[in-house]
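Common to both upcoming complexes is chain A, partnered first by chain B, then by chain C.
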Partner chain A sequence: MLADALQLLLNGLMAGAVLAVPAIGFTAIYAVLRFPNFAVGGMATVGAYAGWVANTRLGWPAPAALAVAFAAGAAAGLASDRVALRALRPSRGGAGGALAAAIASVALNIVIENAVRFVWGNDPRGYDLPVYRDWRMMGLRAGPQQLENAALAAAAMAAVFLFLGFTRTGRMMRAVADNPQLASLKGIDAGRVAALATGLGMGLAGFGGMLIGLDTSIDPLTGFRVMLSVFAAAVVGGLGSVPGAVLGAFVVGVGEELSLLALPPSYRTAVGFAAILLVLSFRPRGLLGERAY
Partner chain B sequence: MENYLLAMAVFAGLYALMALGLNVIWGLAGMVNLGLAGFFAVGAYASALLTVRLGWPIPVGWVAAAVAAAAVGVLVALVTARLRGDYLAIVTLGFSEVVRLLASNEIWLTGGTDGISGIPGPGRAALSPISYNLLYAGLVWAAVAVVGALLARLSNAPFGRVLRAIREDEMVAAVAGKRTLLFKVQAFAVGAGVLGLAGGLYAHFNAYVAPDAFQPLVTIYVVLALTAGGTGRMAGAVLGAVLVVALQEGTRFGADLVPGVSPVQAAALRAGTIGAALIMVLHLRPNGVLPEFSRRYGGPT
Partner chain C sequence: MFRPTRRAALLGSLATPFLARTALAQAKEPIRLGTLTPLTGAGGSYGPAMVKAARAVADAINAAGGVNGRRIELQSEDDETNPDAGVRAARKLIDVGKVSAILGTWASAVTTAVAPLCWESRTMLFTVSGADSITKLPHNGYIIRTQPNTELQSMRAASYLAEGGAKRVFALSAQTPFAVDSYNRLAAVLKERGSEAVGDVVYDASKTSFRSEVDQALRAKPDALFLNGYTPDVTVILRELYRAGYEGKKFTFGYAANAKMLESLPPEVTEGLISFSPSPDPGSPAYAAVKQALGTDTPDTYSCQIHDHVSLVALAVAKAGDASGAAIHDAVRTISQGGGAKIGSALDGLKALAAGQDVNYEGASGPCDFTERGDIEGCKFRFEQVRAGKITLLSVS
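Now for the complex of A and B:
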């Protein structure tokens, strides 16, 4: 029983690291643009398929294909944002009310999901990966691929933190997230920062989508299926807080795995929803974030 | 062909009912609800289970569908009523996924992904398919007329004015002495009840319910219907629903005309078109074809 729990804890930590990547993307876009951009789900699918093409058609190894996944997510995210969402953003006072952009992003998800379905169909696709035997240590098992995924996720997170903490552009982004008026007084171009946040966030979604796909297989609903867990991670950590998204992702990842002790596996995704409700009832600003009302 | 048109009339009526329900929650009270498919599912399953398993009469099943969905709506509203819109969007979207998860997994109750079949319809055995569809279309549109008239009355009554005040500025409504939480919960319950009624009507028309019927795409259709028709006005909701079903069916024929497309691709084209249509409506006609009248008071007259 204890060994089981430890094994699930380890699995949860690895899953949490992977989940953190799209969760950072979601929360970073929220921090700058002030609306939940549900299109992260669609971009995760786009990244997963772009990486799959690089991996299986061009024969690139997983880390190189992940760079393609990031680039594809960022490019598709920026392009679709410009066409479908930009004019509706709350900061532009879109006529459809404060949530027009959020609603349009749900619709955008459906467009993207079906564009992917149109090209590649509904059949699940697998990546071309070397097969390793699980590593065993002190009674715990871990697949080298999962460990590699967690390490790649950690590398992506480290890059994001370095970018936000130590580069001029990263500091600009944080300034706009913190106080848009003050940032514009300082001469920061809000439009450029908005594009940066979208590109970074959707790129991370693409990267995360491929990481999730590496573990199993991908299909047009890959991104949609993890969306609830991604929201849960961001809300539990505090919407708009990047460190919060990481913390939230570990909470949700570990929670989803530990739920297997008590619940059938099909209810795993409901754990994220329960976490959202719990956090919003008792700590509406999330673990590290702002207020929810 | 007549049969097909009548079936489409039924679906247009169901979407009209759902758009009316959303109009109370979103159009009047300003609370975003992306969990429509969830309330629709609660109503459909409630009525299906009560009539199939317990043999209750169909009309009682419909009432139960509305009551069950309204009760769930109260629950969701109590948990979320104090949340800001963006959080509400996330929670309600999650809610509908959890409903679908429950429907797929609680096999003892819902039959899992196999669903529930053999749901009775009023007079299905006695009538020819065409007269049955005609009867059902009449029934659904009668429901639309009654619910639409009641909601239009409600919307012009003090209750509706308070909801609009909350939508525009909750603080002002609270300062004016309105118990805003109570009003928001009531609006959510009324809207969810109408969505549940639509679910109940759907279950008995379709004779079969399964979790697949309650995908987020349903929510998109209804949001599109209401946005296209005009949020805030009941007539807008109904007009929008007719437009959505026309678009849905138009794309069915349109996709058939594109050469060299497989059935999966055709389905993808149709669903994608609906999503794109919603994005376009939000850009081009954010207030819909029949926008809400905005009243300006120039002082007492």
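Now for the complex of A and C:
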């Protein structure tokens, strides 16, 4: 029983680490632009396929392909934002406020999913990577690919924290997230920061999408499947808070796994919702509130 | 007494073309049918070929002059392998498209959701879904399925596993309307044959990882696993099983272990996987027609089945002389079974019916004989095994 629980905890931590990457992207966009951009799901799919092309067609190793996934997510995110979402954003006086932009992002998600389907079809695709047997230690098992994914996720998270904490651009982003009026008085270009947040957020979504695909396989629904968990992670941690998104991802990831001790696996999706309900009942602003950093 | 006057002649000459035109329009009123297949979602590998196969039969019939001079008009909708989307699309087909039959619903969850709309509007539903519960619905004969039901499939699967020496079988099932039914049936047949079903996990197929589910299965120490899911989730589970070092038998449905799945996985992961599927009838003329329509030597069973759906509807309409859903409902078993001449294609059948003969359609998917409830009476199964990344035929029985 204890070994089972430890194994589930381990699985949950690995899942949480991978989930944290797109969750940071989602929350960073919310912090600056003040609307939930559900197109992270679509960009996760775009990133997964871009990385797949780099890996299987160009023969690039996983870390290099992950860079491609980030770049593709960022580029597709920026382009689609300009076409579909920018005019609706609350900060630009979109008449419908955050809701209109959020709904448009759901629609954008569907468009992107189908564009991917149009090019690559519905069938699952796998990365050109060897599948290794798991390592076993003290009754626990962990896969080399899983550990590598968790390490890559940790590296991406560290890079984001360093960027936000120690670079001028990162501080600009945090300033806009904290108080847009004050930031603009200080001469920070809101448009540039908005583009930066979108690019960073969607790039992280693309990166996260490929991380998920590395461990499993990809199809046009890859991003859509993870979107609910990403949203749950961001809300639980506190929408707009980057450390909150990381914490939220671990809560959701570990929660979904540990729930298996008491519930059949078919209820796993409900855990994300239950976590939102529980946390928001006691802490309406999420575990860490909405401080960006 | 009628006296021809100039006025009467004038009226008559004006009215004649008008009358002729309405009569002509009635004769040319098309037979409206809808395909509702998964073009996207977990079943998205199958829907597009199904539509192509259905269209090919309709085109062939239309090119030969239609059914009693009426063209078949095929409308195609996507059910997204999702019950909500399926219901929306079925509403459109029934209310806007005015179809008299819906053909090809694939996922059992979609068929279950769409079925009440069909029987309430007297629209025939031809499906390829397997869940037992579907034909147990109060459909009053408005459902016909060409896919063997879960009961039949699970019994065959269980006896195959038991004959192959499996003693402890565990089932990993995606959450579908047939997950529980098929496990119970599997367990019963295994027990009769001296083997044992040691447990099952029903998982949520929309998750990205199934590590913990696989752990749970392996804890029961099975020597055979029954993977009762769809391609995307079975793909992930096979990876997990390899990683976990599982060396026992792996058994799944043919629709999950398709060629595309094998392409996406390294050969060592899929090695030894046994799959089974209802076998089409490779000797039939209808099967040859499906091969030609799809440009492949190995058309999938669903394309064969929807080919038969269109053929059955065309023959039923010809027999009844009426294209309403109720007419198809009443006539379908008079052309699918019984003592009539065995015919292997809709075109031959239409000719025979026009000549006043009785027909018994035998299709690409099999004999197409239906029970009162709408299930097929029997069919063959095809067992295949993956060896070095390629599907090889074990047996058809």
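Everything below uses one rule, namely that the second predicted complex is superposed on the first by the 286 of 293 C-alpha atoms of A that agree within 3 Å, B and C clash if a C-alpha of one lies under 4 Å from a C-alpha of the other, contacts with A are read in each partner's own complex, and residues count from 1 in each chain.
One rule holds in what follows: a contact is a pair of C-beta atoms (placed from the backbone, for glycine too) under 8 Å apart; a residue touches a chain by one contact, two chains touch by 3 or more.
The structure displayed is predicted, hence computed values, not measured ones.
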Clash or fit, chain B versus chain C on superposed chain A: clash
Touched partner set for A:Asn179, first chain B, second chain C, both or neither: neither
Contacts of A:Val226 with chain B and chain C, given as first, second, both or neither: second
If touched residues of chain A are counted for chain B and for chain C, the larger one: B
Contacts of A:Asn114 with chain B and chain C, given as first, second, both or neither: both
Touching partner for A:Ser266 - first (chain B), second (chain C), both, neither: both
Touching partner for A:Pro124 - first (chain B), second (chain C), both, neither: second
First (chain B), second (chain C), both or neither touched by A:Asp134: second
First (chain B), second (chain C), both or neither touched by A:Thr169: neither
Chain B versus chain C as contact partner of A:Ala102, first or second or both or neither: first
Contacts of A:Ser281 with chain B and chain C, given as first, second, both or neither: first
Candidates 204-212, 222-230, 240-248 or 276-284 of chain B: the single one with C-alpha clashes against chain C: 204-212
Shared chain A contacts, counted only where both chain B and chain C touch the same residue: 114, 117, 121-122, 264, 266-267, 269
In the complex, chain B residues that touch chain A: 30, 32, 34, 79-80, 82-87, 89-91, 93-95, 97-98, 101, 104-105, 216-217, 219-220, 223-224, 227, 262, 264-265, 267-269, 271-272, 274-276, 278-279, 282-283, 286-287
Chain A to chain C touching residues, read off their complex: 4, 7-8, 11, 15, 114, 117, 121-126, 130-134, 141, 143, 145, 212, 215-217, 219-222, 225-226, 256-257, 260, 264-269
In the complex with chain A, residue positions of chain C that touch it: 40-41, 44-45, 175, 201-204, 206-209, 211-213, 215-216, 219, 231-232, 235-236, 239, 242-245, 260-261, 263-266, 268-269
Touching residues on chain A, where the partner in the complex is chain B: 30, 34-36, 38, 84, 87-88, 94-100, 102-104, 106-111, 113-115, 117-118, 121-122, 224, 228, 231-232, 235, 239, 264, 266-267, 269-270, 272-273, 276-277, 280-281, 284, 292-293
